């Protein structure tokens, strides 16, 4: 079955991002297809690669990125949410002269059209916020 | 009268950061002293300098930074909140090889001791979250 | 990414948006609006329901200039221009908050809980925030 | 910044923390704990009150390994080691949630609303989240 | 067309109440995150129509020490079963 | 020792209720942000002891179209008066 997952919550300040990550892992393990991850609103912070966590703590952003790369998942950060939160790919960072990218390259910065497309091509859309 | 302000909320996803900014401006205009700004939890996102906003929208982070510089305000981002959210000064960015700083230089990255100090030296501590 | 739109799956899905949050205090109302507008732009079949505190978004006479925001009520008045015709306010939510029909923006259809349940049941995807 | 600590102001203030949030779902319980521990380290006079959903933090037998978090209950058991002796749980909040004294971590003093009101009234600063 | 509703806030919020107002009799509810505090609440569970199946996310119940106090009406499920429940129902509505 | 309490969530939350349980008779309440919806609610205002002065943040009331519907008990104040209220009371407790 094809799933898409929408994440509205930032890591650390809400449990929802962690729940979504476990859910994503589990559906892949069960042989389902993850059609798309869509990070929206504060959810875009899950794609930040600037995070530094204590050694005994989970780096949720890194875990997302590893999962995405390992399974070649189509992962999208909503562009309007991302820009105003400073989660930038190299193109945006260059355009606005803001140094190096702050977003993991494993996710693509794109528009809400990718969310609508996900509703069209997924059997289930599951929201976490 | 000496005020300190504690901000727990990220900009955009909550109105509280904007309320705090208006409050800070107003107390300075009235001749009160702003002893310290303390950004805590998701509040540290207010110090991100990577933000890109549309032309007809407010850049809250930039407005904070301008207010802080203009009035030489002692502004602190809580270090443990900031690191795990990728809001880094140049020292931390260098230490973890994460490129350029993502935090405005107008705020200092420091510990909760600065919050306790603020409670000792302020007549009023006002929280926004 | 546009290739996704060219597969065999249906080009249209029925999406019900449930907007349950008051405006301005947080950004959920805006996120919901952004998703609904995108759905309309991509010509999906959209139902837009205001439930619980979400009905506060529909009050006439909002003016968010004093809090440096865009007035959400103005944006909601343009829904029809984007082809979103099915806009509903839950009667019970209005009644509980003492809001009369005369206080509402024009173009809202008042419905009861059963009708909301049907809009959920008949949807392919539900976004609820 | 250390110079601040050497001015004429009192070196001790009475701080009341009101922790009103359930653990894990969001990070408010942790933020409150971090602030209280810092206050204790800097030798302030600390009162720690669990109110509303905050009393859920006090349930014995928590185990957050399955959600990859640190078990908050364990941290709360060490409060006394940090010199935080005045730890209170609001009786009405417990009763409303059907929680018996036997289910609570040791060392909690049960108090009523009037006592909470007094802990607010007698404090120099109140942190409430 | 049956629907799985997830609810992630405690009984102190009005979230479950909102969900119950628009739920259908053959739907199911899964309590996750702070929602699992409903699993030990008679008042919450009694408000749910009997035909609606009630689940609680085991990981969240373990974390919050509510697995042992959960009432019989509630079936604890782990995340992999959560995924299965999503496929078994026609759609998922998240209340958060 | 009188205290200014700010409340920033709507009547749909239990925030005001919590505040009222521990408020003192000579304290004051200032509704801000989504809290200003209380300003038009008879039920909310009747729950507040008469000796407690009630304010609403004007900017937030304007934004939400609740300035004209606010009940007489509520005194609308702007941010500069909010600052003054903070100095006039001995401390500020924020409910959020």
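Read from first to last, the chains carry the letters A, B, C, D, E and F; within each, the first residue is number 1.
Simple rule for what comes next: a residue touches a chain if its C-beta (ideal position, glycine included) is under 8 Å from a C-beta of that chain, and two chains touch if they have at least 3 such contacts.
For reference, the UniProt names are A, B = Sulfurtransferase complex subunit TusD; C, D = Sulfurtransferase complex subunit TusC; E, F = Sulfurtransferase complex subunit TusB.
As the structure is a prediction and not an experimental result, all values here were calculated from the model.
Visitor: Listed by label, which chains are in contact with chain C and with chain D?
Guide: Chains touching both chain C and chain D: A, B, E, F.
Visitor: Counting hops between chains that touch, how far apart are chain B and chain E?
Guide: 2
Visitor: Based on the averaged CA atom positions, which chain is farthest from chain A?
Guide: Max centre-to-centre separation from chain A belongs to F.
Visitor: Return the chain pair with more inter-chain C-beta contacts, choosing between E-F and C-E.
Guide: C-E
Visitor: Distance-wise, how many Å sit between the C-alpha centres of chain D and chain E, to the nearest whole number?
Guide: 29
Visitor: Calculate how many whole Å lie between the centre of chain B and the centre of chain D, each centre taken as the average of the chain's C-alpha atoms.
Guide: Centre-to-centre distance between chain B and chain D: 25 Å.
Visitor: Give me the residues of chain A that touch two or more other chains.
Guide: Where chain A meets two or more other chains at a single residue, that happens at 8, 12-13, 15, 19, 22, 41, 57, 125, 127, 129.
Visitor: Touching two or more other chains, which residues of chain E qualify?
Guide: Within chain E, the residues that touch at least two other chains are 8, 12, 14, 33-34, 59-60, 91, 94, 96.
Visitor: Would you give the residues of chain C that are in contact with at least 2 other chains, written as numbers and ranges?
Guide: Where chain C meets two or more other chains at a single residue, that happens at 24-27, 52, 67, 69, 124-125, 128-129.
Visitor: Let me know each pair of chains that touch one another.
Guide: Every pair of chains meeting the touch criterion: A-B, A-C, A-D, A-E, B-C, B-D, B-F, C-E, C-F, D-E, D-F, E-F.
Visitor: Which of the residues in chain A end up touching chain B in this complex?
Guide: Against chain B, chain A makes touches at 10, 12-13, 41-42, 45, 48-54, 57, 61, 83-88, 92-93, 96, 98-100, 102.
Visitor: Which chain E residues qualify as touching chain D in the complex?
Guide: Interface residues on chain E, with respect to chain D: 8-12, 33-34, 37, 40-42, 58-60, 62-66, 68-69.
Visitor: Which residues, counting only chain B, touch chain C once they are in their complex?
Guide: Residues of chain B touching chain C: 12-15, 18-19, 22, 56-58.
Visitor: For chain D, which residues count as touching chain A in their complex?
Guide: 24-27, 67-70
Visitor: For chain F, which residues are in contact with chain D within the complex?
Guide: These residues of chain F touch chain D: 1, 3, 14, 18, 21-24, 91, 93-96.
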